[in-house]
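Here come two complexes built around subunit A, the first alongside subunit B, the second alongside subunit C.
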Partner chain A sequence: MKLSMGPQHPITGHFRFILDVDGDLVIKLDPDVGYTHRGIEKLAEKRTYPQNLPVIERTNSYCDSVGTMLGYLEAVEEVLGLEVPERGKYLRVIAAELNRIASHLYFLSLGAVATGFETMLMWTINDRELVLDLMERLSGQRITYTYPIMGGVRFDMPDGFKEEALKRLDYLGKRIEDYYTMAAKNHTFKMRMMKVGILKPSDAIRLGIVGPNLRASGVKADVRKDEPYEVYDRFDFMIPTGKNGDSYDRVGMRLKEIEQSISIVRQAVKDIPKGAFKKWAPYIVPKGEAYTRVESARGEFGYYLVGDGGIKPYRLKLSPPSFRNLIALPHLCRNVPLGDVPIIFITLDLIPMDVDR
Partner chain B sequence: MIELSFAEIVELILKVLIFPGVAFPLLFAVIVIWFERKFLARIMLRIGPLHVGPFNRTGLLQPIADFIKLIQKEIIVPENAYKFLYNLAPILAALVASLSVAFIPYAPKPDGGYWVIFYTPLSLLVILAIFTARPFIMVGAGWASNSKYCTIGALRAALQLLAYEVPIVLSLASIVIMSRSFDLSRIIESQSSIWFIVLQPIGFIVILISMMAELSRRPFDIPVAEQELVFGWPTEYTGTQFALVMVSEYYDLCAVASLITLFFLGGWMGPAIPFIPPMLSGIIWFLLKMAIVTVVIIMGRGIYPRLRIDQLLDAGWTVLIPLATIQILITLVTAQWWLPLVGGG
Partner chain C sequence: MLEKVREKLMSIRFLRRILNWGRAWSLWSVHLETGCCGPEDMARACARYDTERFGTLPFPTLRECDLIFVTGFVTKKMAKRLKLVHEQMPSPKYIIALGNCAISGGLWWDSYNVVQGIDEVLPVDVYVPGCPPRPEAWIQAIRMLQEKIKKEGLDKK
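Up next, the complex of A and B:
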């Protein structure tokens, strides 16, 4: 029996899956994407470099907007040969890591709701507000910040931000322990998550999986460590890796990464240097090309930018993490019970907007 | 033709229309829906319904407002549905669900009888028969909707409900052994000195879990799993029909809470409340115990994720049925020591 799951379905978001179902067993899954295609790559060719910022941000706005924009800015600044002031770099890292925390909390809520665990959904969404409020203090917005701009960041750190951030992160650190008791150690949660959607390390590398999903399979790969951008080489953090590569590891991965991000933000707000936080950036970008990659919350985000000496980019190619991870979904959804499909889909952390661009 | 005296007619009308007849399950449904929403909201760090109702910031009348909204809606029948069965199923579901309260005794009467609508010495068997009818309504509704999600949901419901009837019947066997009767009121009377929850803890756990599965409460709400099947077998129902399906769920909850109270928690047994006639105090004790059972059943939704259908069936066939059988064996072996304690007889 063919079952068309989505695009109007409680769990699939803007995706549509065409499932081959035999009773309660899914034999094959065929993702049908494109419901949120906005042609961002083409739009970017019609706008000037600063005008592109909010557009690029919309690639993945409601989860990880700073992580998405950083790569574009890196590419533009590489072509320009522009060096961002130290304070600006630190502020970018703070914003990116806070955004990563928010994004992972959002992931945890979806991961819980895939198993029908509404309490975890509400708890994590509630605590995400703390981080969003913090971002609002920093940038004036809750979801789409457009906070980093060419040559630095838009605003300086407000007064009292450091104390407030430390206070909230302390609370969040305590809440993480609650999440462990409520979900990660919950027997029923384990029953649903463990041994579901096992992605072997060799398969993960072969399929080109990136980000936390790759690390959950036990491969230590993180752009922040492998090829440090901004000031990530100055912080003391580790890259957690999973053992089995199942859905449970992918959830645990996010919990551990939130802990690491909390530690990075703590270090960053403590040793942030004084000085300018932005620098004047020229409007016209010279001829040249650049490929940059950043570690967004969902994994490695690649940008290829070609400038032709005008005020608009000649070509901008995005390689978003959700698109790379999408290939794992049909791979993992072969001969699995129907009840496992939402779990595999959600724990891969696929965002339709990110896939379609 | 049976001749009824005036007092008997008044009593019958009271029973049928107010307690435990038409009004009681409906009131139970309204209160439990409100309580469930408020209670789960507290667990989830939310506020829950707030504005509708007389008392400030309680949202007491929210379920009634929802119900009024639902009956205003258009009833949409899918084009390919088998219309007769499709329209019949929600009515049948509500009817069958409200039937079981007719056989449950809620208190002893001063004249030696019981406060029950229809007295029969084999009421336990009647209740089991009513429970057996439920999966067929679900399968019928799912099949008649002619929608894929409904069909899968109906199949899951059939698998789950049929699998979990076996442990229920097996655990009830040990209760019948102890009380030596199929009569629900006699089962309560036999707990006058010691409740069966003390004598049969394993049976209590088996029945509680199986009843939760029968009711499709989380963690066993697999037939209506929202994230997988949208809403399972009642997906296509709208308006009044959906309201009937919802209400039938809470009617079932009412019956199940009454039954668990009755089988294990001593029914109306409890110290007499001063200044209140014994029958009324019996009803109060019954309702109090029912409320506790209801809270326990509801709490599952706040603290557990949903199981998968194969895990659920595994648990049913390989854990609960052996446990229920062990309970029967224990009861048979130890009955000679316990029977003197068991009242009624």
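Up next, the complex of A and C:
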């Protein structure tokens, strides 16, 4: 029997799945994408480089807007041959890592919805608000910041930000332990998550999965370590990896990554250098091309930019992490019970707007 | 016959007021996300902003809902589904358009796939500007809609 799931559904968001079911067993899953296609790549050709910033940001404005924009800025700055001041780089890293924490907390809240775990939903969203407050102090917005700009960041760190950040991060660190006790060690949660949607390392590499989903399968790959951008090579952090590659590991991966992000922000806030935080950047970008990749919250985000010596890009190609991870969904949703489909979908952390662009 | 009785009853201002009061304070919103304001939908429904104080509860089934939050831009593909969802909901039903994209296309004013203003497709009750609007603005929109509902059917005579 054919079954249609979404787009009006509490789990799927903007997606629609066409399921082939036999009783309770899902035989095949077809993701129906395109509900949020805006043509960002085409629009980017019509706008100037600074005007493109909010457009690119809304590829993944859900939570990880800074991580999304960094790659574009890296590409533009590579073509321009522009060096960002040290303080600007540190502020970018702080914003990106705070964003990653917020994004992972949002992921955990979705995981709570998928398992019917209302308490955890309230906890995670409330803790996410604390991080958003910090970002609001830094940039003046709650979720779409447009904080990094060409040649640095928009605003300097405000007074008292450091103390407030350290205080809140200490609190978040304690909360992570609470999450472990409440969710990761919870019997019901374990039963719903463990051995559901097992992604083997060989399959993950073959399908081209990126980000925390790949690391949950046990493959150590992180752009922050492999090919450090900004100032990530100066911080002491590790890449957590999972063992089994099931949904439980993918949730645990996010909890571990929040811990690492907290440690990075702590280090960055402590040894941030003094000086200028932005630099004047020319509007006209010379002829040239660049490919950059960054580690956004959902994985590796690739950008290919071609400039033709004008004020607008000639071509901008985006390769978002959710688009790469989407292929894992039909792969994992073969011969599973219907009740497992939301769990697999949520733990892959797919964002429809990322997929469609 | 029943219709006539109903009309007669509803013309009594006291009864109408009670009905409006009931409708205004139980606006359940359907879970349909169209654009990027989705996470704010979660933020306003959860611990800090908690719109359930005002009777607005996100609910999975559209048959029991009376409110649609149009969260952000609406693409041409989504507009058809939005209309379908609106048709399937029981009357009375209300729409709050959130974000500049839902009001007039916003950032996507020159996009080939985005509906330029959701009022081309559906009747809108309250518009909320912002990109995305803060949860406080959502709460204000809900309060404005409640004020509107409370006046319904009372302007005659």
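Just so we're on the same page, the second predicted complex is superposed on the first by the 357 of 357 C-alpha atoms of A that agree within 3 Å, B and C clash if a C-alpha of one lies under 4 Å from a C-alpha of the other, contacts with A are read in each partner's own complex, and residues count from 1 in each chain.
The rule we apply is simple: a contact is a pair of C-beta atoms (placed from the backbone, for glycine too) under 8 Å apart; a residue touches a chain by one contact, two chains touch by 3 or more.
Computed from a predicted structure; not experimentally measured.
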item: Subunit B versus subunit C as contact partner of A:L43, first or second or both or neither; value: second
item: First (subunit B), second (subunit C), both or neither touched by A:P158; value: neither
item: Contacts of A:N126 with subunit B and subunit C, given as first, second, both or neither; value: both
item: Partner chain(s) touched by A:P10 [first = subunit B, second = subunit C, both, neither]; value: both
item: First (subunit B), second (subunit C), both or neither touched by A:P282; value: neither
item: Subunit B and subunit C footprints on subunit A, overlapping residues; value: 9-10, 121-123, 126
item: Subunit A - residues contacting subunit C, complex; value: 7-10, 13-14, 34-39, 42-43, 46, 54-55, 58, 61-63, 106, 109, 121-123, 125-126, 128-129, 132, 142-144, 353
item: Subunit B partner contacts - residues on subunit A that touch it in the complex; value: 1, 3, 9-11, 21, 23-24, 112-119, 121-123, 126, 186, 188-189, 191-192, 337-342
item: Subunit A-facing residues of subunit C, complex; value: 30-36, 38-40, 42-43, 46-48, 58, 60, 62, 73, 75, 77-78, 81, 85, 107-108, 110-114, 131-132, 134
item: Touching residues on subunit B, where the partner in the complex is subunit A; value: 40, 43-46, 148-149, 152, 155-156, 218-219, 221-222, 225-230, 301-311
